[in-house]
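Below, subunit A partners subunit B and then partners subunit C, in two separate complexes.
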Partner chain A sequence: MVTSTLERAAEATPPGAARRIKGLSDRAIAWIFVAPSIFLLLAVNIFPLIWTINLSFTNFKANRNREVEYIGLRNYERILTDADTWATMQATAHFLFWTIAVQVLIGFTLAYLINKKFKGNDMWTTIIVLPMMLSPAVVGNFWTFLYQPQIGLFNYVVAFFTGADASSFSMIGEVALAPWAIVIVDTWMWTPFVMLICLAGLRSIPESIYEAAECDRASKWRQFWTITIPMVLPFLMLAVLFRGIENFKMFDLVVQLTGGGPGNTTTLTSIDLKREAFEKWRTGYASAYAVILFVTVFGLASIYVKALNKVKER
Partner chain B sequence: MAEVTLKNITRSFGPDVALDDVSMTVPDGSFVVLLGPTGAGKTTTLRMVSGLDVPDSGEIYIGDTPMNGLTPAQRNVAMVFQQYSLYPHMTVRENLEFPLKSPLLNTPPDQIQRKVGEVAEVLQISHKLDNKATALSGGEMQRVSIGRALVRNPAVYLMDEPLSSLDAKLRSDLRIELKGIQADSGATLLYVTHDQIEAMTMATHVGVLDHGRLVQFGTPREIYEDPVSVYAASRLGQPRINIVPADLFGTAPSGAASMGLRPEQIRQGAGQESLVTRVEHLGDQTRLHLFFREHDLITVTDPHTALKSGDIVQIEPHQPFYFNADGARIA
Partner chain C sequence: MTYSVTEPSDRQKWIAGFLVIGYALITLMPLLWIIATGFKSPADAIAYPPKVLFEPTLEGYVNLFTTRTRVTEETLASLGEPTTWYDRIVRQYDMIIAGPSRYGERFLNSVIIGFGSTFLSVFLGTIAAYAFSRFRVPLKDDLLFFILSTRMMPPIAVAIPIFLMFRQLGLNDTHAGMILLYTAVNLSLSVWLIHGFIEEIPIEYEEAALIDGYTRFQAFYKVVLPQAATGIASTAIFCLIFAWNEYAFAVLLTSGTAQTAPPFIPTIIGVGGQDWPAVAAGATIFLVPVMVFTILLRKHLLRGITFGAVRK
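And then the complex of A and B:
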């Protein structure tokens, strides 16, 4: 059979979906494809969000079957004037700042070193990345042993290097040390993640750019500050964003490790929120709390993403 | 500016010999073009001179100074890379300023401004100075990368196929421009290309590379008129030299295996009959495709020729090149 190119092309192309499903426009078919995800999004994200906002103006308690009253902004007022809440906010801020700062610093340094071509750097990458693959609950549990004053490896190592008595301090039992205990564990677990992102950034810089800089008589130091850092910066900022959002929600690791104690020193907002909602059953109050946290994270992240885009556009 | 000397440079990458005992002198103020197909060792030679790569054996001198163990920065060379290698996060202006801002040079700011302005003018990128380097077309990137070399005053300029990604018009403009800059400034320039027109129009000297060996070094005319081998003869000339069996037209010198005929070495109007298979009118010249004793020949003829395919033309060789079985020139 002799056919023209055009005819053969028409044969190879399936007839429009609209023609096969009779009576439906292209637009309707598009909606059919999109509908399941929209429905899912509405059901598990948008609706609960709106419902939470609604509940935040009430005195609803999920374990009581009493009349629900609308009490306006009372919940918000109580949260924002509560000294204990501010203490948990501060604990969270401390946790966020130090974990991100230390992880970025160590993560970038590790990536920079791993990126050098040396024998076995693939093996080292795998070893370094291992902690990240463990379950946070397991890691938390595991570190409670390491922090154990009598038998813990951590105390032993500190004692070995400083000469102090190993059982003279307890990382998770002391008010002054507990905030640092959770920073250390989170850093141990998540620095590899920052390293991987930085490594991706470093690998994205073509070797030829360094060669050009070399010919342009730029020292290694100048190459680092004018090429490496600016070109890795978007990746670094992305790592900070991921770690920031993740750690704002931090729950499992810290609950396993310190349970929020001693006192309230390591009670992060998510732990506090969970207590309000599911231990004290102050559902309305907890809803308002959740809304405040949501607005905070969302606001900070939006500002940050704007800055990130600006850096990427440079 | 300075003379560049390569002495017995050898470099292998694993089992591949990229450069095999290459020696040459790039005279001060000359424009040397390295010619050869991909894999001939042209780029490797540039990298040796720049210091981005080091030879397995042999020595490189810039001026009278041996370069062994010196970094590219210490050698004071400017290089234009084939793949541009612009700094993607910087603007065009910042890219051009970058080499001038080297602490080794310590250029005053007003001089940087002036120099960048001048070079941007020559390369026709003044209007793009504040664009990001990645927001440019391929041709513009290539010009920025040339500009980044031109803002400096190095011992030697090294250029790796700098015009390869430009369109024909810009390429011929920049050929003239580059040649002009080099001639005016007396710069020493080592230039890699596989484009023979660039070699013929710009070079004061051409080095022909073949699988890592420098097979001939001389002026473009020397290489065109007195090639040492079939390979060297094939590098230059449009249309290409015709290589046919040595005895195609009759007797040949003893030992000759093949004969090389450039278009001007084929005389028309006398000798033996050949068939015209195609006539290509290119405007300034007309190419004649001939069929002679089972061999295709290409030559040029009068631009306004009345010949057409199917005609018979009488041809005879005129002072042809003879090569032995290995391709080396014997007469």
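And then the complex of A and C:
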């Protein structure tokens, strides 16, 4: 497949151009330049993907040396009928919905405020962005310290403002609070991402549109809903797409924060998959699980991209 | 100043500034807390109420870089006066330094794997992006999309066959294996970003160079590369930060020789649970370089995090 593509690449380069210049021909250069990247991606992504699909029909266990049997769709059947899978999916959906909702709300508000161009807005924007660039595992681990009952800074601040006892609640130890604990840290880390994209959207709106609206005596409120929001919407949707894919894959931050607990309350799909694959060593089963996740991500993402393009066309 | 209907009033600016700075200060708190905790004594770190003012000490840093053993008072007395400042800190707890900790090695692994994979992915990404941008590659859009789509897969899902493949090839827990893996993961980012940067360079420059008798290669590295240098440099920093922060592959595929800092830092434990000042010290050393890079990168930040989809 690669060869044919590259050969066509070479053929498409006009021979005139190739002959005109000294040294290697353009088609040879195109060949040499693209091939290593494609080859590496095939080896590290596509080959493993095909292997995963193949394994998903077997009962293979990577820690045992026994005969591998093909068991058809039994792995898929088991996963889709397992109540735990659905609990995991539900935890993931909760995490996705709330992180996106809160981050869009805060991120857009911040971008809107920064776009008022107060003095020093550049510097403060950079400060707000910092958490996003840091190692989620290292930061997540430190947040467990902030979340400690009694001595944790988070509990202290909450206690200070609400009057509750700082040792009376544990964000990562209680079934009712843990799903929110991961939403809070993810929001802290990733709101700046949504903010930056919204800011780019706001800055892309030409001033002349507002000036025209002003001439037509449209109220500020009306300008906001009929100019600002529709013009920022494609940017906002792009931000949601990125956050959606990233949080669907979420592993490092949550593993360090809660490890999926207490019980299974914060066991997101990636964490569940890791347990099946690398703790229970049900390699075949986990491969089927991985395939289901691929299909879900690609399916949802492509439906979403279609919607995004529709909004852009308007 | 010319009058503009879209210029916010002073009052609006004040309110906006107040709210944004308020948010920024809240968001900065956990980071400042990490840095501060690194300089606290273990007692101060777990004090209630949490201590904002404290006497700074380097205990956390000493604990981070050493392993210590408890000794009896007689042994301690027989050793005589401590000769160095770090000995003095350790002796307060009736302990002596037994040797260096693993942190140094893990940090070095992060540096080797980070820089190695960054170099490779930027190199491969630059030449591929150049070819995509300047030659007529059929199925170009499909290939570019294929490259991007490799980033959508959850790392854990890809990790199963990679684990098996690496085991077969003897690459588990090796620097070479991790460099190769991170190179592949970062390739999508580097191809997409650098492609965008090269597209912005007018093709006329190269055509002029070719007419002047340059070969393609000469035109590439004497005309295109210097023009794209800033873009390539910021792409490199993004790749470096990704490799630096990566945890999922690192925790599954490395355990000893090639383990990087992110899986290691959370495992730093002291007497009775995590040694928070040492963890915070390790985190500080690990995170501060990224903060500096983020500040340097701020102009290209948006472009980097959206794979070039949004350009300011």
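Here is the rule we use: the second predicted complex is superposed on the first by the 280 of 314 C-alpha atoms of A that agree within 3 Å, B and C clash if a C-alpha of one lies under 4 Å from a C-alpha of the other, contacts with A are read in each partner's own complex, and residues count from 1 in each chain.
The definition used in the following text is that a contact is a pair of C-beta atoms (placed from the backbone, for glycine too) under 8 Å apart; a residue touches a chain by one contact, two chains touch by 3 or more.
Note that the structure is a prediction, hence the values are computed from the model and not measured.
K.L.:
Quick check on the superposed pair: does A:Asp216 touch subunit B, subunit C, both, or neither? Answer first, second, both or neither.
P.N.:
First partner only.
K.L.:
Answer with first, second, both or neither: which of subunit B and subunit C does A:Thr58 touch in the superposed model?
P.N.:
neither
K.L.:
Just subunit B (first), just subunit C (second), both, or neither: which does A:Thr258 touch?
P.N.:
In the superposition, A:Thr258 contacts neither subunit B nor subunit C.
K.L.:
Quick one: subunit B or subunit C, who's touching more of subunit A?
P.N.:
Looking at subunit B versus subunit C, the one contacting more residues of subunit A is C.
K.L.:
Check the residue A:Met231 against both partner chains and state whether it touches subunit B (first), subunit C (second), both, or neither.
P.N.:
The first partner, subunit B, only.
K.L.:
Considering only the touch criterion stated at the top, classify A:Gln103 as touching first (subunit B), second (subunit C), both, or neither.
P.N.:
In the superposition, A:Gln103 touches no partner, neither subunit B nor subunit C.
K.L.:
Mind sorting out which residues of subunit A both subunit B and subunit C touch, each in its own complex?
P.N.:
Touching subunit B in the first complex and subunit C in the second, residues 211, 214 of subunit A appear in both lists.
K.L.:
Would you pull the subunit C residues touching subunit A in the complex into a rising list?
P.N.:
Per the stated touch rule, the residues are 4-6, 8, 12-14, 16-17, 19-21, 23-24, 27-31, 33-34, 37, 46-50, 124-125, 127-128, 130-132, 135-139, 143, 146-147, 149-150, 152-165, 180-181, 183-185, 187-188, 191, 210, 213, 215-217, 241, 244-245, 247-248, 251-252, 261-263, 265-266, 274, 276, 279-280, 283, 286-287, 290-291, 293-295, 298, 301-302, 305-306, 309-310, 312.
K.L.:
Any idea which subunit A residues touch subunit B in the complex?
P.N.:
By the definition above, subunit A touches subunit B via 206, 208-209, 211-219, 222, 226-227, 230-231, 314.
K.L.:
Quick check on the complex: what are the subunit A residues that touch subunit C?
P.N.:
Its residues touching subunit C are 5, 8-9, 12-13, 20-24, 26-27, 29-30, 32-34, 36-38, 40-41, 43-45, 47-49, 51-52, 55, 62, 106, 110, 113-114, 116-122, 124-139, 141-143, 145-146, 150-153, 156, 166, 188, 192-193, 196-197, 199-200, 203, 207, 210-211, 214, 235, 238, 242, 245, 248-249, 251-252, 255-256, 269-270, 273-274, 277-278, 283, 286-287, 289-290, 293-294, 297-298, 301.
K.L.:
Where on subunit B is subunit A touching in the complex?
P.N.:
50-52, 71-73, 76-79, 81, 83, 85-89, 98-99, 102-105, 132, 145, 148, 152, 158
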